[in-house]
Amino acid sequence: MKKIEAIIKPFKLEEVKEGLAELGISGMTVSEVKGFGRQKGHSEIYRGAEYTVDFVPKIKVEVVVDGNMVDKVIKVILAQAKTGQIGDGKVFVRSIENAYRIRTGEEGRKAI
Amino acid sequence: MKKILRKIPLLIGILLLLPLLAWGADEVPTITGNADAIKAVQTNADYVWTLVAAALVFFMQAGFAMVETGFTRAKNAVNILMKNLMDFSMGSIFYWAVGFGLMFGATTTGWFGTSGFFLSDFSPGGDPWVLAFWMFQVVFAATAATIVSGAMAERTKFISYLIYSAVVSGLIYPIFGSWAWGGLFHGGGWLEGLGFIDFAGSTVVHSIGGWVALAGAIVLGPRIGKYTKDGKVRAIPGHNLPLAALGVFILWLGWFGFNPGSTTAANKDIAMIFVNTNLAAAAGCILAMVTSWLRFKKFDVGMSLNGALAGLVAITSPCATVTPLSSLIIGAIAGILVVLAVLFFDRIKVDDPVGAISVHGVCGAWGTLSAGIFNIGGTSAKIIGVQLLGIGTAFVWAFTTAFVMFKLIDLTVGLRVSPEEELEGLDYGEHGARAYPDFQIVSATTFAAGSGSSANEGAWSSATAPATN
Amino acid sequence: MKKILRKIPLLIGILLLLPLLAWGADEVPTITGNADAIKAVQTNADYVWTLVAAALVFFMQAGFAMVETGFTRAKNAVNILMKNLMDFSMGSIFYWAVGFGLMFGATTTGWFGTSGFFLSDFSPGGDPWVLAFWMFQVVFAATAATIVSGAMAERTKFISYLIYSAVVSGLIYPIFGSWAWGGLFHGGGWLEGLGFIDFAGSTVVHSIGGWVALAGAIVLGPRIGKYTKDGKVRAIPGHNLPLAALGVFILWLGWFGFNPGSTTAANKDIAMIFVNTNLAAAAGCILAMVTSWLRFKKFDVGMSLNGALAGLVAITSPCATVTPLSSLIIGAIAGILVVLAVLFFDRIKVDDPVGAISVHGVCGAWGTLSAGIFNIGGTSAKIIGVQLLGIGTAFVWAFTTAFVMFKLIDLTVGLRVSPEEELEGLDYGEHGARAYPDFQIVSATTFAAGSGSSANEGAWSSATAPATN
Amino acid sequence: MKKILRKIPLLIGILLLLPLLAWGADEVPTITGNADAIKAVQTNADYVWTLVAAALVFFMQAGFAMVETGFTRAKNAVNILMKNLMDFSMGSIFYWAVGFGLMFGATTTGWFGTSGFFLSDFSPGGDPWVLAFWMFQVVFAATAATIVSGAMAERTKFISYLIYSAVVSGLIYPIFGSWAWGGLFHGGGWLEGLGFIDFAGSTVVHSIGGWVALAGAIVLGPRIGKYTKDGKVRAIPGHNLPLAALGVFILWLGWFGFNPGSTTAANKDIAMIFVNTNLAAAAGCILAMVTSWLRFKKFDVGMSLNGALAGLVAITSPCATVTPLSSLIIGAIAGILVVLAVLFFDRIKVDDPVGAISVHGVCGAWGTLSAGIFNIGGTSAKIIGVQLLGIGTAFVWAFTTAFVMFKLIDLTVGLRVSPEEELEGLDYGEHGARAYPDFQIVSATTFAAGSGSSANEGAWSSATAPATN
Amino acid sequence: MKKIEAIIKPFKLEEVKEGLAELGISGMTVSEVKGFGRQKGHSEIYRGAEYTVDFVPKIKVEVVVDGNMVDKVIKVILAQAKTGQIGDGKVFVRSIENAYRIRTGEEGRKAI
Amino acid sequence: MKKIEAIIKPFKLEEVKEGLAELGISGMTVSEVKGFGRQKGHSEIYRGAEYTVDFVPKIKVEVVVDGNMVDKVIKVILAQAKTGQIGDGKVFVRSIENAYRIRTGEEGRKAI
């Protein structure tokens, strides 16, 4: 089992979600993060003093899938999250040793 | 009614400035002296009431600001606040310079006034009634202007806003106003001449504002993401409903200045106007809730809040000339009407984030018509005909001039912000600021689904290449 | 006092409608004409003052809405707002249809009025005083109803709320009101006959509301998670203290209409009432802060805000008949009392999210008693006895009728939402909405510890199988 | 002007308490009876107006609370709210006990009054004017005190706040007040004797508040993180701009009580004061926006809001004695001035989170000067000289006494919270509470950059070892 | 060393925390996430237009423990977070190469 | 490739970010978390009832770097995030199998 973690632009979430759903992926976990990278945050002004918000809002999508699905999932994410502009984000892949479904106690593939 | 005041001799003028000294210990009171003093006291009361009412109407600016901010997204909150702040500020200056003269100045043509610009009717030591009257009128003018900002929220350039706001309070509103209300001061308009009833301005203020808003929303087009690619309506929920509710309470309060204050005199008439105003608002609120419940099986808060405003807008015209029972009926119908109107405008793809067109345009028209139908002194085809003429004229005048104005602005400075700025929020683009920097903001729409919407935004985003987000 | 007004001859009636034309150029003023005109001007001033005060009291609805919203959780904010909106709207209609007649109509039994329903005392062209008086009274009736919503917040079904809200403003409040205040208009009640002092309604409005709230909180039971399994009190903090504080400032402002407006006449008496109202509020606020500091070693904001309200509620009854120094003492005692009462009701497991029972019930009773103790004209066992009788009667009447009503509602439509809905928040369940969709919401209690609480919620959650969260 | 009232014989006193019964059916009206009745009605109107205005000024407390809360960080919101609540409550008590007597009591020295403490000028049954007047004055005193809290926000110990708040409303404000306004009641001060014009208190209230704030901000020093190690200004953005904007609207409304209410009489003068107040605010708001746009290329919301307040503060002194056109100019200059002043104080490292010193201190001084320059009756070197003397005296008096006071507080109980508490927020440290427990809070400054700032906070954090965060 | 990551229902956090504390686990890191899975979000209505919030609020608990604790920790989480209803969540296990305590610079087991 | 995950005190973020920037690290992802550990949360009081907030706010910093950078990165974080007080936080290291840049589709080292 692998965990695929994608850092994407917030307004791309819906497309990514739909792409994954079409692959038959039934679950994912999403969170709000702040990204720091080539894409710069902007300067704001508050009563005459400027300040730079270095971080830009991003969405982190985490999906745990069976090994054989990994390439498809990555392909979908790369396609759906792309605008071609700086700041589109990253996809990281790593392995997971085991998974459990809390409701049933099922383990491994059956859990996801 | 007030004209008589200006004929009071100088003696009385002095009496008024020094109201108590007039009866010094050594002075023997006389009958005529007493009669003059009584008039002076009543005049003082008229000033106090008119100006207290003006203060209440002023406070409606806060109400509009909170309603509009609450019903839109967090990323545009600063922009909405700035608009509401500026339309009152700009409106005050333009109405002082131009609008008041056009609306209430002496007129030869009957189409607009040509005197009294820059408050030139007042001279130090002279009768200050023009000042009290101006104060009451300027808060009305600003109301008309501020209505528009709600319908055009979340996508209008700030500089274009400043321009149209000045035009609305300096030209569009006062010229129509001169037709219906000019005679309240030095003017005299053709509509009032025909017997048009619009006591506190369902048409003069609200419908005018509403139809300008309609023109604006049409020229602008809907916000990105409001419709799916197959044309279905998507909800873009307002970000702070407690503020919106507070705004409605403030507006309701302000209406107790708006309607009864339109007597510009401290007299017993204000009692019925208070009661009528309140009953119409209550009925509008309840009926909008019931209607929303029948349609959606939920007690919709946005509709209920709009329902209260709908009742208030509707009763504005007839408030002095219908019975309390009629007011209740007028408000109730407005409450139903506003729900249907919001759904209608959504369906025909006029995107009005706060429902301003439905509340002020549609219910303003209904209220004006109802003033004819429920007239306490009886109605007639003629009365209703004049009301319809007024309603129609307001629509044609406001919609046409506003449409042209918005098109002109669009062709010159541009009316709408770039899609990038719209997606990111106008607060950063126009004001370099955020409304809530200490809170974690998540757009409601980020986690919401809407079939086909992705394609919609996707299509946009690949076409226009957003640099941010 | 106002009855005399209705005897003013028709001539004066006309004078008032056209106050200035009455002294046309050709008319010679006479002594009696002047005397009549003076009365007319004073009457106009009475109308203005009474109605401005009514507007201020109306604004208290916004204050209650903000206090109750701020003191409860984000997931129930829309529900609270809707309740506050609806109790005023429903209250207006029911008080117009039924309540006013029961409270101020002519009575044969002395227990309730039987005339003046649907504002039938008013006819077009007749004396409009009934309208001004109704307007002032309706905002009082709605206040009584809105007090209840705070104590029953976060777990009451919306439809049940609509029902009890109508009953409170249409029956429970006006019937008691007729005993104490009926004589202000066409009625005449047994309590006022005994000399009961309740100038602006510490008992008539606030205690009645508070005891209905007590019955409601008892019938409902505490919110899930308010007590640990071993019965310890857990804090459920309010989600927006700036709104709550704004609400208290609005209420304080509104009380400057509530108390001095109860003169329903523009006279010099209002000065002392203003001062007394303000000093009691200030003292209540300070003493509640000090009491909380002595108990918890922190300057508790919730208690301080409640302390200001406690002082205001307490001074409502005696405001016209005690000295400023007495007012300060009355308010100070209320400030201490409210802290102890909140802790007491928490301990006996009456869960009142905003402290309404303590503020309005307990301090209302204290204020009514204090009117006897500190009476400017001296006190006596008899005066105090009558005050105690009024306090006791209010408790028995309001608590009993409300208890029966809530039990009936519970047996029919049901009073409380399901545990699932309560956990998830009423905003979704009742209104399909969220108050703050652009903000990341985290329940304060998610990250808070409370020994045994988990077992509590756990027990629930395995029993009732929540589909969500 | 009001003194005459106290000479009205007892007969009239009774007439006023029972205004309508006075003309019973059997009583024959007389000319002198009528004359007395007219005065009585005018007096009633004066009471109503003065007290309604006082209520509006009271509401400014809500405005200040919202502005100050909105312009500071979420972690200090409860603290700010408590300060605003307490300065009005404490101020009411201390002004009742001491302040009013010092300011308006009879004076032998001409430096402060020595009678009328504890409202001893009032006795039951006597003339209640002192109560109406006190009510209007107490809300002014509390305004002066509350101005200070903004400049000292986010780092002042709560207990020290309570102390200085009492001193400001009990001593510093009333003693200066007695010099300029004592003659409005029993006193008589040297400044008013020279002809100093400060109709509603640009200097007496606002500059006094502003210069105390300046002293406080200097003694406290800037907030942690406000300056980088190389001395650059860092922005610490306010956390809730909609609340701040609401606050400004409330303040603007309140000013319609503050300025025209300062007539303490219901007369025609209030019309010009209303208009002037409004035009100055509008012009201040617009010009501050334009100035900010010229400087930063953004339409700055914080500056625009402060600009409206700047215009209001400036027109407070001249509002009754300049033309509307002059008002507009005075407000416009204030709008420019406030932007420059905010930048100036930031640069000289006086950290004023809400801009109170610039708005109230600087624009108060400008307004007072402008009353001399634009005086409707013409100006002269002497008039301007007296104005400058008043401005200078206010600065010296307020700054010096406040500086000494703050130093004394600092040496005894301590003025500033610990750096740990400051970093974590005063809400927890002082009040054991959070303003928004259901929201995910992120400090704006956590994700913001500022060169060298880390070193700054780092230096602190290794030196003082924070136990938390 | 292993990292155990559990996605649970928010109101189960306290029970999970207590269960882990009883095992002697001295630390954990928790964050707010949004879950997408079998459990569906709900429809809301805003002024007549419906919209579906696809994601449901969840809490992510991350605990790093020594290898020999893993089974116990998983057992506790499975027990404490369970309601038996759809949406109870998942537990994922993966290995960690190293850990450091910032305060002391300690490394490995001693760091957790 | 390794992923370094640091749980730090919020006001240390800027220093950590600057330290990493000096190393030439060009990107990172940051999120708000709540920590439970030796450092205790505090008690609050609400209208007379006390409640303890067990969790303290922390910031999680995630950086994916090439294997040879790992030690330098850890050293910088340990240095910059330290106050010496309880609650300074942890650093966890684990391996990543692959990384992609969404904008370009680049893979592996080139993606970070």
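Going in written order, the chains are labelled A, B, C, D, E and F, and every chain counts its residues from 1.
Basically, a contact is a pair of C-beta atoms (placed from the backbone, for glycine too) under 8 Å apart; a residue touches a chain by one contact, two chains touch by 3 or more.
All of these numbers come straight from a predicted model, not from anything done at the bench.
The minimal number of chain-to-chain contact steps leading from chain B to chain F is 2. Among the remaining chains, those touching chain E as well as chain F are A, C. The distance from the centre of chain A to the centre of chain B, each centre being the mean of the chain's C-alpha atoms, comes to 46 Å. Measuring from the averaged C-alpha position of chain B to that of chain C gives a distance of 31 Å.
Averaging Cα coordinates per chain places chain A and chain E 18 Å apart. Put simply, the C-alpha centre of chain C and that of chain F have 52 angstrom between them. Among the residues of chain A, those in touch with two or more other chains are 30-32, 34, 44-46, 54-55, 83-87, 94-95. Among the residues of chain D, those in touch with two or more other chains are 31, 34, 38, 41, 45, 48, 52, 237-238, 240, 246, 296, 298, 300, 302, 432-434, 436, 439-440, 442-443, 447, 449-450.
You'll find the chains touch as A-B, A-D, A-E, A-F, B-C, B-D, B-E, C-D, C-E, C-F, D-F, E-F. By the touch criterion given at the top, residues 233-238, 292, 295-296, 298, 300, 302-303, 306, 339, 342-343, 346, 355, 445, 447-450 of chain C touch chain F in their complex.
Residues 2, 6-8, 31-38, 54-55, 58, 60, 74, 77-78, 81-95 of chain E are the ones touching chain A in the complex. Every residue of chain A that touches chain E in the complex is listed here, in rising order: 3, 17, 26-32, 64, 94-103, 105, 111-112. Of all the residues in chain C, the ones that touch chain D in their complex are 1, 4-5, 31-32, 34-35, 38-39, 41-42, 45, 48-49, 52, 56, 73-75, 237-242, 245-246, 248-250, 252-253, 256-257, 260, 265-272, 274-275, 278-279, 281-283, 285-286, 289, 296, 298-302, 304-305, 308, 323-325, 328, 376, 436, 439-444. Interface residues of chain E, counted against chain B in their complex, comprise 34, 41, 44-55.
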